[in-house]
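I have placed the structure first, in the form of structure tokens, so that the comments after it can refer back to it.
Letters A, B, C and D mark the chains in the order given here, with residues in each chain numbered from 1 onward.
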């Protein structure tokens, strides 16, 4: 092996949060030892709470006050960081070490223009640029480097006037303004959508070459490092358990935990063998929507006055869902998918016609945390669904009715892979996947002919998603329930949806047989979705 | 950062010191010293001598207006703007001789025309007054004329030997009708200004007809929210004279700074029983209540023992009119009270409501003490506090109440005190009705001889006490704190503040 | 899951607040409970012979200007304080939830109407409104309770409205709507139980603030009426004597402050454990 | 910019509607008060004829709706009638008392800001440290002391300690401005005490919250010093969230002054109010209540505007 110049060398670092009660707690970082080579992009992967963020903060010198480094050392370009005084460490920040963080929406001061905030980076390190004009020039230059074509305008914008991706670019510009040698990126893309993620990663890679920066890239998602990092480290419980080049890790994981992470990331491998029902397109559709136009209303006064300002999100959308069908609905974020289904469910005022053949439509939503009422038990939820469906028979005596409904509830729960033991639990005592199952069970007990599912997998890990998918196809087959599945995951669509609709900017831009649409995209938005997918997952 | 803050604190602190230092300086510079500040607890409102009703207003305008006659601090009625009066034998015509050389505050001289105008105005005899007397006591005047010799003749509809004390009503310049905004009288002080809620300022009348009076250049009547606020101001030296204190409050004052004067107020504090409601319409119940009450304790908790006990409707301050033989009639006797209650069929007692005006601490406190004492004979008295307006409306005018506690004020005139017990009187809010009393009250004004009148008054008092028409409690002491800076202040047996005799100590 | 539960159980800071709060509140509540059955003397029995006795074994808190036992009066005053604040908060809570939840849930004109009324009430400095209400309807315990309930209702309405607006956007409410649950049922059974955690601290703070108001009104003579004892009235009566009989001020003030402080501490404990739990 | 104007117009309409509801509430409340103003003015000894005469003179015999209309017009022209009890214009009476109430509130507000702000900044520097804990506990205790109890204690203290600060001797600002401020300092302090605690608590937690926010972390990673972060980021942001609480405190202070001036015997609106209540002085009472509410409404309105100026998220929607 060739020897490498390490820009950062972390030596047997152990870190903990001692309190008065417990002076020797379990360390958060346990004997962490690695180096970052000059000019490389090093990925640091692990689940939340594994210590990857603490590692980065230790390097940057931004550890919380309560943290204590019990042993080890950190060297940056040969200097022992832990031996330096706080002032000179602070002087390194921004100048030698730049950082960007996960949540671009809150990482900028809402009261200050972007230009001012970027200028602070320069004024904090006085030596670099002198006059305001020079500073301004430097900032504009950097904004252009990170991909803004309207850099001058961005200077005077407030953070809330920018999109998430733009904010992240501004933050990158701030971190890279003084051309630090090391850029620490702490989950910079995890709150961005796929297309933006791809562009941000490309930008980082580009910067890395242009400015000769070294990047420490932290992520919980192994798939994100594909094609981006040179080397990857895997962290678990404060220890680095695996370390290798990216290609080796992805193709031949040596460590069992790494392999597990990898399989979780590759949902698609488990999708095979799902069998949705066959659809008869000649039957009359369960749901017909014609010329749906909808938007979010303004305040009372604005609504009357300026009709010009266009708050319309959906433009003239028409679609049909046939019995037994699982219809996929894909599109980038902001394309109007959620608005569409809210209109279909009658939750939003809209123009146009929605025709639903059966009286009840079920719905399951994205967030497993808020899909159930935290104040009530699962039993209550099921009873409430049953009551709301109006399918209880009021002629039978109360006691009998109760027994009957309980039996029904249990049978539906069992169908959804839950059991009697879950009846008296509260939502917080269930896992995300279980909660989504309860949500489905609540739909099923109402015996709907159509279930609208809005990104039900996006917050679940791969195995739970797979199980949930299986449940959905089972229901589809056995109960002949139609699904309208909104997702950003094209693989799932490919696997289970016979037909797909692609949306962009509030319009349906493509519609048709899934295989046709995905292999031979006719519209630009479909191809860009597919490109982004390919970039990230390497498929 | 820290240094900055310390600095700021120091600056702020020194600014405070400077401010208050200045405040001290300027205050002293403003002292011409020859002034007095009197604390009053009632908001002044009316300065017209004929429409004035509230005692709190009268005590101020006593210094501005003068009548034909005027009381002194011993209760004597002395000639003032009149030098003499001649009363016809049947007491239906009063003829006054007007004093010479008196000037109004506006510089004009006092003459008979002014007196005629003033008396007519007070009696409602001017054009457009429809005969509604502004001063209801003078309602019986049928005509006022100026005689050729400069005297003024007053003719009454019905004879009365008891009317002289009513001629203390203020005399104002002829055809003057702006007394509310700009009072003009002949008194020792001129009206200067009134700031609602804060003060009334009077200044010396240099042309006052009594030579050398008044001594002070300026008198300020300063409004204090209540007795305790006044006490705070006294302790602070911002007022010089404060009447209507209680002994336990005046005891807290610095003796070197304040003299405390105490005197009867000629008020009658009454635990009024509505004679028209069950079970108070039963004489035995009223007697029982009278016997159940320990007046000494009432006086002890409300006035720290400084008041005069009452058993009848008149204060001993009224001198010979007061009937001393009634003293001690209702000394506390629980057994007797219980027996009377049993006799009346209430051996288990009953519930009672006492409606008291919340603005008068002394009455509220009295009610509290009474409620506690009445428990002994099984009467469970609930206290309902109402504001003064509601009290006037529903208790005094509407007579919708069971019991109440109030102090009845009056001029220093016995007829004034007792006339309210006539069954037809507007002031008979206890609904007392005794034909014998009515007869006596009609007879009194027609009786020329003072001794005979006194005997009749005694008879009325005896009947009132016999009927136990209400519970008479105390003549609350008027306790006044006067700064040692001043001397010559006298406590009147009525609701006035005479500032004309007050002067700086040692002068 | 269970580890999470123990973690969010209570921080030492929160428990310190709880303990301090419960001790202070406990003193007043114990006085209150005992006063229901027994007080050393009848609280309104006057005794002219024993006025202004300083604290002694016979009268641990001394006697007042009527010779009444201050301890007995303080005990019976705690009854009114606790009763008025509790009843007032109950009224405010009921009015607040009944108006606030629909306002938040329906939005639009319902919201505007209800909030306009609420904001209008909140535009009066609270004590002013309570004073005027009591002045209009007469000073009595019932009227004080109603006045305070009315004054505080908009505060609770706000909490409910904001909470409802937040909760109604959550998936489980959307779900319930999709399932066809009736709005009234959604508000009562789906939303209200989830507001409890927000209403609880507001209730405790409301109790304390209401006590402050009540004592202020009694101080001005427009609250609890004599001879019944209340802290505010006792303090205003004692004001004249606080140079000669300081115990008349000290003990009622102490109990009043204990009660309010106790409530504040408990609400602070709730706040701390809520925010810590949230992290 | 369009919707900015819309925001302003919306707020203005809301303001006017609120004022209308406020005026209705006030009027209805005072129309149902028992007690006859004429009887109160004339006192117990007056005859019914005199009372009736005065009633007609005051317009008390007219129907309610007519009285409301004329009253509302009076309010809008800042001339809400003549006081029954004082025989003076209500506007004039209120204007006379306003210096006390406003002065006291202003001084109290200055005290709240001047004392609580530095305390909060210092306390929030090291949350959980001894000094912070002491501040917090003192804050809680101050919070629990009713203003009138604080007043009593202050009078006691002031009497024995600093006789420089005058108690109960009101000086009008036109006579002697410094004396005026001097006589208001103690009462203002009594009102300010619990509010200092309140604003301290709020500011402290808001500063602590801001200090742990993401953009502070960003600024740290940019190499800014703690002091600079405090001044440029933490304080401006906590100020934005404090604007609402400040307006609430101001309204509380106004209410508190009503009680405290009673203790200090200051001729402010509170005493005028109580005397108006007991004298059934309807024009005066309604005038005071309405204008106090009016001031509060304006304060809330201004705080909304201030918030929109300070926060670009509201300003540039």
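The working rule: a residue touches a chain if its C-beta (ideal position, glycine included) is under 8 Å from a C-beta of that chain, and two chains touch if they have at least 3 such contacts.
Everything quoted here is computed from the prediction, not taken from an experiment.
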Comparing C-D with A-C, the busier interface by C-beta pairs is C-D
Please identify the chain with the largest separation between its CA centroid and the CA centroid of subunit A. B
Express in whole angstrom the distance between the two chain centres, defined as the mean CA positions of subunit A and subunit C. 45
Would you kindly tell me how far, in whole Å, the mean C-alpha position of subunit D lies from that of subunit C? 22
Need the CA-centroid distance for the pair subunit B / subunit D, whole Å please. 39
Could you grab the centroid distance between subunit A and subunit B? Build each centroid from C-alpha atoms only and quote it in angstrom. 85
For subunit B, which residues are shared contacts with two or more other chains? 358, 387, 390
Name the residues of subunit A that each touch 2 or more other chains. 300
If I count partner chains per residue in subunit C, which residues reach a count of at least 2? 135, 138, 239, 243
Looking at which chains touch, is this a line, ring, star, complete or other? other
Touching pairs of chains in this structure are A-C, A-D, B-C, B-D, C-D
If we count contacts the way the header does, which residues on subunit A are in touch with subunit C in the complex? 300, 345, 347, 360-367, 370-376, 384-385, 387-390, 428-429, 439, 442, 446
Going by the contact rule set out above, which residues of subunit C touch subunit B in the complex? 44-46, 48, 51-52, 65-67, 135, 138-140, 221, 225-227, 239-241, 243-244
Give the list of subunit B residues in touch with subunit D in this complex. 1-2, 5, 8, 12, 16-17, 19-24, 26-27, 43, 45-46, 53-54, 132, 136, 180, 195-198, 223-225, 229-230, 232-233, 235-236, 238, 358-359, 387-390, 392-394, 396-397, 426-427
Enumerate the contact residues on subunit C facing subunit D in the complex. 13, 116-117, 119-121, 123-128, 131-133, 135-136, 138, 208, 212, 215-216, 219-220, 232, 235-236, 239, 242-243, 249, 253, 256-257, 260-261, 264-265, 268
Show which residues of subunit C lie in contact with subunit A when the two form their complex. 1, 112, 170-172, 174-181, 189-190, 193-194, 196
